[in-house]
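To keep things simple, chains are lettered A, B, C, D and E as they appear, and every chain counts its residues starting from 1.
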Amino acid sequence: MIQVKHIHKFYGKHHVLKDVSLQVSKGEVVVIIGPSGSGKSTLLRCMNYLEQIQDGAIEIEGKPIGLIERNGEKVEMPQKQLDQIRSEVGMVFQNFNLFPHLSVLDNILMAPMTVKRTKRSDVEPLAKELLVKVGLAEKAHMYPDHLSGGQKQRVAIARALAMQPKVMLFDEPTSALDPELVGEVLAVMKQLAAEGMTMVVVTHEMGFAKEVADRVVVMDAGSLIEEGAPAKIFTAPEQQRTQAFLSKVLSHD
Amino acid sequence: MIQVKHIHKFYGKHHVLKDVSLQVSKGEVVVIIGPSGSGKSTLLRCMNYLEQIQDGAIEIEGKPIGLIERNGEKVEMPQKQLDQIRSEVGMVFQNFNLFPHLSVLDNILMAPMTVKRTKRSDVEPLAKELLVKVGLAEKAHMYPDHLSGGQKQRVAIARALAMQPKVMLFDEPTSALDPELVGEVLAVMKQLAAEGMTMVVVTHEMGFAKEVADRVVVMDAGSLIEEGAPAKIFTAPEQQRTQAFLSKVLSHD
Amino acid sequence: GCGSQPAAQPQPEASATAKQEAPATAAPTDEVLKKIKDTKTLVVGTDATFQPFEFKNSNNEFDGFDIDLIHAVAKELGADKVEFVDTEFKGLIPGLQGKKFDMIASAMYITDERKKTIDFSDPYFPGGLSIMVKKDNNAIAGVDDLKGKKVAVQIGTKSAKFLKEKYPDVQLVEVEKNVEMFLELDSGRVDAVVTGLPAAKVYAKQNDKVKILDKTLTQEEYGYGIRKENAGLIEAVNEALKKVNANGQYKDTVLKWFGND
Amino acid sequence: MGLDFSVIFEDNNLIALLQGLWVTVSMTFMALVLSAGLGLLIGLGRMSNKKWLSMLCSWYLAWFRGTPLLVQLMILYYGLAIGMQIDLSAATAGVLGLGMYSAAYVSEIVRGAIQSIDRGQMEAGRSLGMSHWQTMQKVILPQAVRRMLPPLCNEFIALTKNSSLLSVITVSEVMRAGNLIVSNNFRYFEIYIAIAILYFVVNYSISVGIGRLEKKLNVEGARA
Amino acid sequence: MGLDFSVIFEDNNLIALLQGLWVTVSMTFMALVLSAGLGLLIGLGRMSNKKWLSMLCSWYLAWFRGTPLLVQLMILYYGLAIGMQIDLSAATAGVLGLGMYSAAYVSEIVRGAIQSIDRGQMEAGRSLGMSHWQTMQKVILPQAVRRMLPPLCNEFIALTKNSSLLSVITVSEVMRAGNLIVSNNFRYFEIYIAIAILYFVVNYSISVGIGRLEKKLNVEGARA
């Protein structure tokens, strides 16, 4: 489904991703953990080509995203093609990034109507169905600013799902939420996973990782240092750095 | 130390605090918990007169804050006097609210130099001492934007302490932080409590409440519904609503 | 030669100034005269964009017929120095009223409307309106040929008023500054320009694509603008004009700027 | 100084002023439309990552904002006619000149507002598969418009007043109509105050209108 | 049309233009200082919770922004002298008039920028015991200044050009100096283009200066 092959990413001289490779199969749920600044968000954003990579390749269902080879040189792919592939990859941000000037329903309808040029009446049923799924059927006509954080994030999930993506990327979807609101978002994500959605999730919610992840990937300082089943990572991590990180996160409760 | 006497607070017609009373003694650590929207922040902000109250009275060390009686009518106290009392009450916000245009050191020096008109050279030793205390001695000359969330919040605490307040109010000081950064802020707060600072803390960190609080206060829908020692509240709450809230917060981990 | 009047004498109206001339030694009662006596300076408002009457010459000094003549007049008034205040034409009358200067010397026609607001000295020079066209234009030979044609005039001048009242068939194009009239003609947007003869001549001298028709349309008279309250100054200026005329300075100045034609 | 405003109602003075006002308002309005459209394009162009385009737009900004409108109008109306036989009508030259001048100012307003919108909005749009331009159009601009309104209000009010320079290219707008009356009866203050009031009415309407729009947008989509 | 720019260097034309430019620049500069100071006060006043004060400032804004500068200058220089015997010098009236006019525009820029600063900043200041005004001065304004810069740049550039209206109150600024030369030699285009270039140089310097300041502030205190 997703193939990340030896990618390198620099911000100026700062080497942020160092030869990272990762395979995600169809239907798999991969959770990425690791200390702050280790490059988790950057990796996720590269999968969507929101960030350019300097070396390596990323493929979604066998098709390259972002850079393609032409006459032996790596060049950026045509916008149209990029937009096309991107629309198959849903992304949910830490800060929701809902469109504040649009109602909840319009937030969800925007992309299908614009990108796929579907008529409003054709997408509305799907949008409403998605709102039911995330438990917000009755909020369709409210504006994002009048929602709680948990509700906002669920709308953001519905918005991404409306493009019927083949894979969903989540970047700390619950870390901006009040603790009592975290549960409702995790519930939606669990349901998605149960339905067989391919998901890559950056999160600090270890409970979620344990319960839902097929595989946990640990990053540190721009490298992928360890991966394995959640049971293994949480109970018997191989790397010292993984241990150190886990003890910090799990300590203060 | 702080006496909240039967206060009422309205936003327009919305009755947000309903006859709330609370005593906090010198050196006591009181933790306020309760569901989102129950009025915790509002109560805290009233203690600082950041919000006006419509009825009741609040006293800090026996002196009223905000409203005073004059000729039988309640009127707002003179600005000078209010600023004076406020400077004895430190406040730490969820979003830090550091001054982004000033270095860490200048953030801390600003209020003492402005309000108390102390010379820079006279406050600097205290400021540096506080930075050592919160573990950020080497960050004195950085700007807030270059700090992690946990570091920002520790600067905010040092900034409030620089006014040598008699009481510190914390409004969800860790809820905007990445989980691994929460610990460092809680550590500073624990140390403060151990040194005998009077503290009122709104938080969802139940671990912290159990360990540090002298008393836990539960709010719901604008009323104080239950209070007691942490052991009692967490293990045998009297109120049904307390139980419901606790089970939600503690569930998803 | 052209058909304009020969440089005329100023025509002081003897009856209006019949009063006994105050002896020069007596203390003047008029506010401005008093000031002149004290400071030896006359302050004159002018819009120095109107050749050949007033303009800034290549040395960046005020120059022109009005400038020379007012220097002579000022001498007679007892002012050794003339201070010019340059402003736009529309600022002249308010400036006079607001006492920003003592009088106006800016090729200003004496008109009844203006007299409602300020007073004038006796006329010191005759002017007439003339028609200017492109050199190759033979279709327009006189004012009657202007019918239906586009004609540029300066806003608020006698030319505009005259054509509006006497020749309503003319399509007027009113512009702000006299420079723009010439631009209109140059760019072919109008067929003719109607403006004061002296000014037209100066432009024609510098631009060989235009010519001035022989016949002038009207006879106008230039006067110095003076505040109504300064009747004493008006009298004194009229006296000074007479003296300047008598001692030949007036004639010299006219010759210098307008030659013999 | 004894003002007597009855002069405004004498002769056809009021009618002349109102005719001038109509010219001012209609020319300003057309220029405003041009200025908003062109300003938007220039502002977007300045942010383009096509070097040549952003350079071009920077030059536009520097020239049209940096030099006097009077000179621009003179070149457009007289210069083109004399030098290149391009004979624009006064109205065309006026609207074009005013519009292009004002567009420079508007472009800076547009750029400022767009750059103040959270980067996350563009990323959200892009990650949904919308193109840069689609996201700009449907997500960024609708939000940016609200922030542009206060400075745009300043600019549009300045525009009504700059339109008085059109009198140098023979357009009879309200200031010129007033000058005509003044040159006839020399009642400067009465006439100028009348003109000031007419401008005031127009500009106050603009600011009330934009103020309403601002409030409306604030209510609809709350703070972004 | 065969332009010949050598005319600019003939006689004393260049000197006359540069003298005019100096008048323009110095008057504009003084007006700019006045406008910035007064505009700040009016902008703050509009946000005051003292009703009378905010009303007063709103009126100021409506009048000085809503009516033509020409009329304001005429009233200030001629009107006061004729009606109330208050005799301002042309330079004083010019600086005052320009400054008060521009202050209205600046006040809206100030208000916009201040209102865009996060409310939390004021609360943080107040909770530390600083007064409203202290917080405004030391916390809010330093941050707001950065956001004001782009529209202030627009405004200050407009100010240099508005200063050409000072010629109606006897100030010989650069545009007037140019008109004087033109009426001497009728070389419109050469002279007007020269004037345009002089303005361009001044205004380009302003925009470069403000651009630098913007960058500097961005680096120092990062995004707020």
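Structure notes:
By our rule, a residue touches a chain if its C-beta (ideal position, glycine included) is under 8 Å from a C-beta of that chain, and two chains touch if they have at least 3 such contacts.
Everything numeric here is computed off the predicted structure, so don't read it as measured data.
Steps from chain B to chain C, minimised over paths through touching chains, total 2. Using the contact threshold fixed earlier, the set of chains in contact with both chain B and chain D is A, E.
The minimum number of touch steps separating chain A from chain C is 2. Averaging Cα atoms per chain gives one point for each, and the point farthest from that of chain B is the centre of C.
When C-beta pairs in contact are tallied for every pair of chains, the largest tally goes to D-E.
In terms of their C-alpha centroids, the spacing between chain B and chain E amounts to 45 Å.
For the pair chain D and chain E, the distance between mean C-alpha positions equals 18 Å. For the pair chain A and chain E, the distance between C-alpha centroids works out to 50 Å. A separation of 35 Å divides the Cα centre of chain A from that of chain B. Multi-chain contact residues of chain D (touching two or more other chains) are listed as 1, 74, 78, 82, 188-189.
Touching two or more other chains at once are residues 90, 94, 97, 177, 183 of chain C.
Interfaces, counted as pairs of touching chains, are A-B, A-D, B-E, C-D, C-E, D-E. For chain E in complex with chain C, the touching residues are 10-13, 15-16, 19, 74, 77-82, 87, 90, 167-170, 172, 176, 179-186, 188. Put simply, chain B touches chain E in their complex at residues 48, 50, 79-80, 83-84, 86-91, 93, 95, 97-102, 110-111, 114-115, 143-146, 159-160, 163.
Only residues 35-36, 148, 172, 175-176, 178-183, 186, 204-208, 245, 248-249, 251-253 of chain A touch chain B when the two sit together in their complex. Put simply, chain D touches chain A in their complex at residues 118, 120-121, 123-132, 134, 138-139, 142-143, 217, 220-224. Of all residues in chain D, those touching chain E in their complex are 1, 62-63, 65-72, 74-75, 78-79, 82-83, 105, 108-109, 111-112, 116, 147, 150-151, 153-155, 157-158, 161, 164, 175, 188-189, 192-193, 195-197, 199-200, 203-204, 207.
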